[in-house]
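Submitted below is the structure of interest, expressed as structure tokens.
All chains are identified by letter, namely A, B, C and D, in their written order; residue positions are counted from 1 within each chain.
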Amino acid sequence: MARGGPIRTSVGGSTADTITVAGHDLVDDLLGKISATELLYLEIQGTLPRPEQTQLLNAMIVSLAEHGMMPSVIAARMTMLGAPESFQGALASGLLGVGDTFVGPSANVGRMLQEEAQEFEGSAAEKAERLVAKYYDQKKRIPGIGHPHHTIDPRAEKLLAMQRELGVADEYVTLMLNIHKAAIARRGSHLTFNATAAVGAIASDLGIEWRAIRGLGLVARSIGLVGHIYEEMRKPIGRAIWNLVEDHTEYENPV
Amino acid sequence: MARGGPIRTSVGGSTADTITVAGHDLVDDLLGKISATELLYLEIQGTLPRPEQTQLLNAMIVSLAEHGMMPSVIAARMTMLGAPESFQGALASGLLGVGDTFVGPSANVGRMLQEEAQEFEGSAAEKAERLVAKYYDQKKRIPGIGHPHHTIDPRAEKLLAMQRELGVADEYVTLMLNIHKAAIARRGSHLTFNATAAVGAIASDLGIEWRAIRGLGLVARSIGLVGHIYEEMRKPIGRAIWNLVEDHTEYENPV
Amino acid sequence: MARGGPIRTSVGGSTADTITVAGHDLVDDLLGKISATELLYLEIQGTLPRPEQTQLLNAMIVSLAEHGMMPSVIAARMTMLGAPESFQGALASGLLGVGDTFVGPSANVGRMLQEEAQEFEGSAAEKAERLVAKYYDQKKRIPGIGHPHHTIDPRAEKLLAMQRELGVADEYVTLMLNIHKAAIARRGSHLTFNATAAVGAIASDLGIEWRAIRGLGLVARSIGLVGHIYEEMRKPIGRAIWNLVEDHTEYENPV
Amino acid sequence: MARGGPIRTSVGGSTADTITVAGHDLVDDLLGKISATELLYLEIQGTLPRPEQTQLLNAMIVSLAEHGMMPSVIAARMTMLGAPESFQGALASGLLGVGDTFVGPSANVGRMLQEEAQEFEGSAAEKAERLVAKYYDQKKRIPGIGHPHHTIDPRAEKLLAMQRELGVADEYVTLMLNIHKAAIARRGSHLTFNATAAVGAIASDLGIEWRAIRGLGLVARSIGLVGHIYEEMRKPIGRAIWNLVEDHTEYENPV
């Protein structure tokens, strides 16, 4: 046994003859039988998802994967320009920007619903009111609420509609909708229920712990980044991006 | 226009109101209608896959995603030990090891089939014989053939069986099987047709250019790594791994 | 001007004819005249260091760069095993583990000295006492104090002795020594003033803002990692490390 | 002993009481006595450099570290925008672009001088002529020769002048100058001896194996990137860069 204790994992193991993933034989039980999305759920949760859970997971991944020329896409393309020899380097470079600004908020919604709101007693409406009051007292921004352009976020609406149609448990979405309502009441004007809120709440309803929501976002973004990196190999625009930025940069001496 | 030319992409674009992915409106056309795997195909190929193509893609991703305590998993867990604040850092660290040794060979199979073998005239059998002769002359190892333990690779068998049952085009798999046969004839003894060969050949049959095969492998591994990183958060073994390695390391002065 | 405002930098700029670094012409003013360490100070601070500042910076970098088979070294070697084609990938993989656990604490010492302790009035001794009281009340661990094995940390002693001999300003080191004293008084038994405390306090005395201390640690570790990665190229031990870990790993089904 | 063999390193080792770096005790022999640059040489070469070697190393690092708004700087700033929580993530993202395009060529000069040119017999002039003839026959570009703007590269001139003044061995620089001369003779018109050639040849004269030259470039760039990342924390321009690029990007449907 190692000094730091035993080295045990339940995610995956291999012998000379078999690979096991969370209790399932890779070749006999999984290969040809499950999708990439079901495997992701199995990796995180240790059990296979039900069909409606898979549908929601797919919808969340699709909603997060591709948003056009995002900062992480620019990073990946700059890295490909400098190191065209390494696909994985460009992908890693892009994924490193999938942090607190763009994917973190969904996980923060999850934490707020799974932990912070649970510290209060009462119905969903009561928990929501107390939570919103606490955020206002502490002058903290409520994650998942507000949007720069829109009064309605069509991705959020679609995800919520899917969940309703599929009839899955919606405890956390209900709580989040109550938080949304309480926040509007506090502020006295409209606030948008955005895609971040939908992803954080629906993932919570699927039983995904808030810390794992980041993993979901990262797999989604890896799909979008692979598309951009492969396009950069065939029709490079990295040098044009670099030149554009360089031409608009002014150097000035430190004061 | 930027000095380096126009900055154009066909992968994804966004305006204040919409997100478009390879010609499809994200909310109206994709969200709730396609899976993560179909999105990956759309990102790479610019069109949506047919159902049997999706099935094969899922099978390939499942076959690549999780192999237990691989070097990239150890790297990700070591990174989580040093920087527990960054899920994306641990994932990036693991993905950086998905390179020439473990995922590159599938792309090399793709290049061999899509480019090198096409330089020869004739039937699949004739192309295969000439290609194998060339590799022997140049003392180069043929990618996708041979295995440290097994005479049959069950993952390869399963993937080939699926392709046959689904009745999709199998030009490249046929070519690879001929290369396998020609290699055995040359050597005079059995050689294993391994999972690398199956993935490289089937991906080629799906119309995926060899350079994009690395992207497929990276998305697959990101799924497996997310599982290990999330387990490391809940039941850490990173310190035990570190201690084990440190206790077995001998420092010796340079000579 | 870009939508998000002007793009201005004072770190470095280039034209077709010249490169400027923080107000200095690269070829005429810097090349052949300053060391790598002086350049690092210039990059962070915008001015060149005095000789005694350079000496302390070198000492801090040397103290942080190499600690043998650390987790970040294992990560870099695992990445080299999987992707031997990319030196930068192995380095990036290793640096990603230089986070909250091993380098963050020095920056936390810097923040405590530069920000938290400054919220209190009085002499260094009074600030220290109030700060220690606050940490005890909040049951928070004081960064830079305590060591698993030693009552004296020889690296810390050496760094403090150098600073004394060089006669540079020592406001923050004095404050940290007072915090150390107050912590011992509180606890009633000995606590070690460790290398983390020395680096955080001396960097603060050099005028380096606490957030930049991480940058110092990262440059130091990049030096050590380059040594290990280059050795891994010539005398690889990555596969032996992998096999060792794999042989000690037990897979167990999820409960 | 591990299945893959013993795990031995000569770079660095630690016990509960000491840290050893390539045969030297960290506290007694190195701390306060050597600079970061000397430590880098020790990590790579296993011995300490002579003073004139240290001067040349410093000059090469200074010449490589900072070139203004390079692609790797843009990548690091995009990553900081998305993941402001991780200094190491931004640095890793930037370093991943330090590959074949911008730093690789110096290592390629080193390989050409240390390996390819040594396959020919004769004087430096004869080796150079034969090497240039071979490159022309194979229609390969000679690394280190040519420049987009200049007939003279002031960084290269400065580095060569320093080496002459310091009177160190210049076997490889002499060979590179002969290659430059032979290339001009072949082409019949002027070609620039650029900084890449100077770094590759001088590093070779310092006894640094060509594969380690990448490590030198990576440490240099980590210094420049730390400056930009720290500026991005204090005076962020990442969002302005993102907006600029987004505003200049045209989405067009795939054909």
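Operating definition for what follows: contacts are C-beta pairs under 8 Å (C-beta built on N, C-alpha and C of every residue); 3 or more make two chains touch, one makes a residue touch a chain.
Computed from a predicted model, the values in this text were never measured in an experiment.
Contact with both chain B and chain D is made by A, C. When every chain is reduced to the mean of its CA atoms, the largest separation from chain D belongs to A. In terms of C-beta pairs in contact, the better-connected of the chain pairs A-D and C-D is C-D.
Taking each chain's centre as the mean of its C-alpha atoms, chain A lies 37 Å from chain D. Between chain A and chain C the centroid-to-centroid distance comes to 31 Å (mean Cα coordinates, whole Å).
Between the Cα centres of chain C and chain D there is a gap of 23 Å.
For chain B, the set of residues that touch two or more other chains comprises 2, 6-10, 12-14, 20, 22, 68-69, 83, 85-86, 88-89, 92-93, 96-99, 241-242, 244-245, 248-249, 251. On the chain B side of its complex with chain C, the touching residues are 68-72, 74-76, 78-86, 89-90, 92-93, 96-102, 104, 238, 241-242, 244-246, 248-249, 251.
Touching chain A in their complex are the following residues of chain B: 2-14, 16-17, 19-22, 26-27, 30-32, 34-37, 39-40, 42-44, 55, 57-59, 61-63, 65-69, 86-89, 91-93, 95-99, 149-150, 154-155, 158-159, 162, 211-212, 214-216, 218-220, 222-224, 226-231, 233, 235, 237, 239-244, 247. Taken together, the chain C residues at the contact with chain A in this complex read 2, 6-10, 12-14, 20, 22-23, 46-47, 83, 85-86, 88-89, 92, 96, 245, 248-255.
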